[in-house]
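First the structure, in the form of structure tokens, and then the observations on it.
The first chain written gets the first letter, and so on, giving A, B and C; residue counts start at 1 in each chain.
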Amino acid sequence: MNHTIDYKELYNTSPCGYFCSLPDGTIIDSNKRFLEFTNYEREEVIEKKKVTDFLSAGGKIYFETVYSQILKLGGAVEEINFDFVKKDGTKFPVLINSVEIKDTEGRHLFTQSTVFNISQRKEYELELLIAKRKADDLSDELIQVNKELRSSSELILQQKLQLEEFNHHLKNKNKQLSNFAHIASHNLRAPVTNLNSLLDFYNESTDIEDRAMLFAKFEKVIGHLTETLNELIESVKIQENVNITHEPVIFDIVFDKTIETLEGQILESKAVVTSNFSEATNIEYPKIYLESIMLNLLSNSIRYRSPDRIPKIHFCTEINNNEITLIATDNGLGIDLKKHGHRLFGLSNTFHRHPDSKGVGLFMTKTQIEAIGGSIGVESEVDKGTTFKIILKKNI
Amino acid sequence: MISKPLLIGIIDDDEVYQFTLTRIIKHHKLAERVLSFSDGEIALQFLTDNITTKENIPDVIFLDSNMPIMNGWQFIEEYANLETEIKKKVFIFMVSSLVNPAEVERARKINQISDYVIKPSRLEEVKEIIDNLEKFL
Amino acid sequence: MLKKLIARNNITIHGDGNKSMLLVHGYGCDQNMWRFITPQFKDDYQIILIDLVGSGKSDENAYDYDKYSSLEGYADDIVEICDALEVKDVSFVGHSVSAMIGVLAALKNPAIFKKLIMIGPSPRYINDDDYFGGFSQKDIDELLETLDSNYLGWSSTMAPVIMGNADRPELAEELEHSFCQSNPAIAKHFAKVTFLGDNRSDLDKLTIETLILQCSSDAIASIDVGQYVHNHISNSKFVVLDATGHCPHLSAPNQTIEAMKRYLV
């Protein structure tokens, strides 16, 4: 068989539209298929219409801002989707490919374009687009939900931390309260019982001398009771006074003041008192508490010195895990911690048969330290000495 | 049968309590003699020193649970080691200003403790204990 | 700082003149669009080209939807870039939306700029009472639909390249040939900001010498709009080029260059 190809026929009946336009967009030729697509007569289009005349206003913007620029820069543009407007005003979707035809000097002579009618594909694409939009919305929603979940889980975590802190605070408070109740009942009940007994004796007694002796005992008990009450009231004040002012305090200055206060006792005991606060020179802390803490520790060390050796007492600071620690070491009598450790910081507890053992100092010291959020620990060996380590507070 | 007259020991750091209890015991002739010690260590030393002298060992001891130097519980531990050498029954009453349920339980488990009571401070309370010693045999 | 800006705006510097010229592309393209213009100014100017954030090879991660929800965000970038490059007496050339971005930048810091050249400017695309911008809200919706339909396949093939995943070199090569691609979400946002904005009131405040270049037949910015811009900028010159379309720098580069040179002398 011998086929003669009629290119003119092929051009006109190919299943896609062809048109040729000038650089300004004027269409100078088109095939029949293109005219069929758009429902125009040849003479209505050729040299009368521009490419943009087949576009909607929105399409024109895309044509000018995207299509034209790509074509000019690259010499070709492919697979751009527009809606072409037919003569009757209805639209149909097309895919357009264009190439610039240039002369030998590179001048742009005209543009060749191919137009495919993609009505059916477009419907499918629209479905895809809708599905994609839905998926995007869903994904946005998921991202949003995820964000919300994350922020609420952060919130929960934060609340959990707050609750834990609060719980810790409550536990501390509870412990303090139960300690306080225990101390109060122990230390108040005994003197009250004693007073009652003494009162019975006093009422029954007729002997003046006996009564005078009983009265002296009254005075003694009342004196103790007053002292105990004052200490308890003081400790309540410290526990309540959480908002006490913190101020910059220099360890050296407070320590010098402490030595001055106890100068008589230091001289009398021939104690060698040294210090080194170079690791942490200062702290934000209630000044009166630090003064009281140092005074109690130093006077304790002097009071419980060993008679067998020259008392050596050393104060220093350390920073461990961002916490400022105050350390007081002596070579005194020491305390049997196995026996007394659990009651070391209780009210009116003494561990030595000593003329002026009173035992309130450490109780008050502990109360003050804990009120600021610190803690106190002790290491001791009988007849070797004692070291108190006080974590004053976080160094942040 | 509990031999009378009794020797009563008071181990307590509260001097005024020592005084009031002694006075009640003596006034009402609940015992022939009263021995007072201001902490467990002193009392333990005394018992060790007098371990062979039966008449110096108290028949009844009021032992304060909460004392400096050596408290009631620590005393009881040490006393348990001495017990076999002591040739007489000693009724030890662990006393406290407060009744602490945990301590009641702790006391119940210790053979050497006859009972755990609130510090007797009135005649009736002391008499109640002295008159019913057979109960704890 | 400068290094960060260079990456953010894909700043490139060409030529070895002692005067400065900053050219900024409009909607839909990138600095490639100046390729026919710049060779003619290379000898007299140090030419600075940038890609607006979200366009071309700018750092897409720098696209902040809040910052760029108005043209002010872009104008801030222009001022920032000029400050960082320490350039003064800059001749600013802005196409389309960037003509307005240039106006805003000049209002923020007039000291930087010597002259402004606006190519196809429009202060507002939507008609409003007796103002004729050329478009209605419906037209812009159509544009956004066209954008959608031409980006359908973008996510799966172009996205990895444009997002900077260069582990598929065959796509990177393809990208070299496909000018003016950008992330569809950003392109859509930028289209809304560009075509729905209204900067008419800013024109009256401008005092810098300004040239308005306008094609005789432009579907995006009509002669009326060009005239409006001219009427509202006190120190302006209005030149209509015998050219069709919105991009005379591409369709009629010689006319454009000639008009620019005449003005810059």
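Simple rule for what comes next: contacts are C-beta pairs under 8 Å (C-beta built on N, C-alpha and C of every residue); 3 or more make two chains touch, one makes a residue touch a chain.
Keep in mind that this is a model prediction, so the values were computed, not measured.
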Open item on the list: Using only Cα atoms to place each chain's centre, name the chain farthest from chain C.
Closed with: B
Task: Closest chain to the centre of mass proxy, which here is the mean CA position - done: A
Task: Distance between the centres, which are taken as Cα means, of chain B and chain A, whole angstrom - done: 59
Task: Between chain C and chain B, distance of the C-alpha-averaged centres to the nearest whole Å - done: 103
Task: For chain A paired with chain C, centre-to-centre distance based on mean C-alpha positions, whole Å - done: 44
- [ ] Within their complex, state which residues of chain A touch chain C.
- [x] 23-25, 52, 56-66, 68-70, 72-74, 80-83, 93, 122, 125, 128-129, 132
Open item on the list: Taking the touch rule as given, give the residues of chain C at its contact with chain A in the complex, in rising order.
Closed with: 26-29, 32-33, 35, 96, 134-136, 138-150, 152, 177-180, 195, 217-220, 243-247, 250-251
Task: chain A to chain B touching residues, read off their complex - done: 182, 185-186, 189-191, 193-194, 196-198, 200-201, 217, 220-221, 339, 349-353, 357, 359
Open item on the list: If we count contacts the way the header does, which residues on chain B are in touch with chain A in the complex?
Closed with: 14, 16-17, 19-20, 23-24, 39, 66, 68-70, 74, 97-98, 119, 121-122
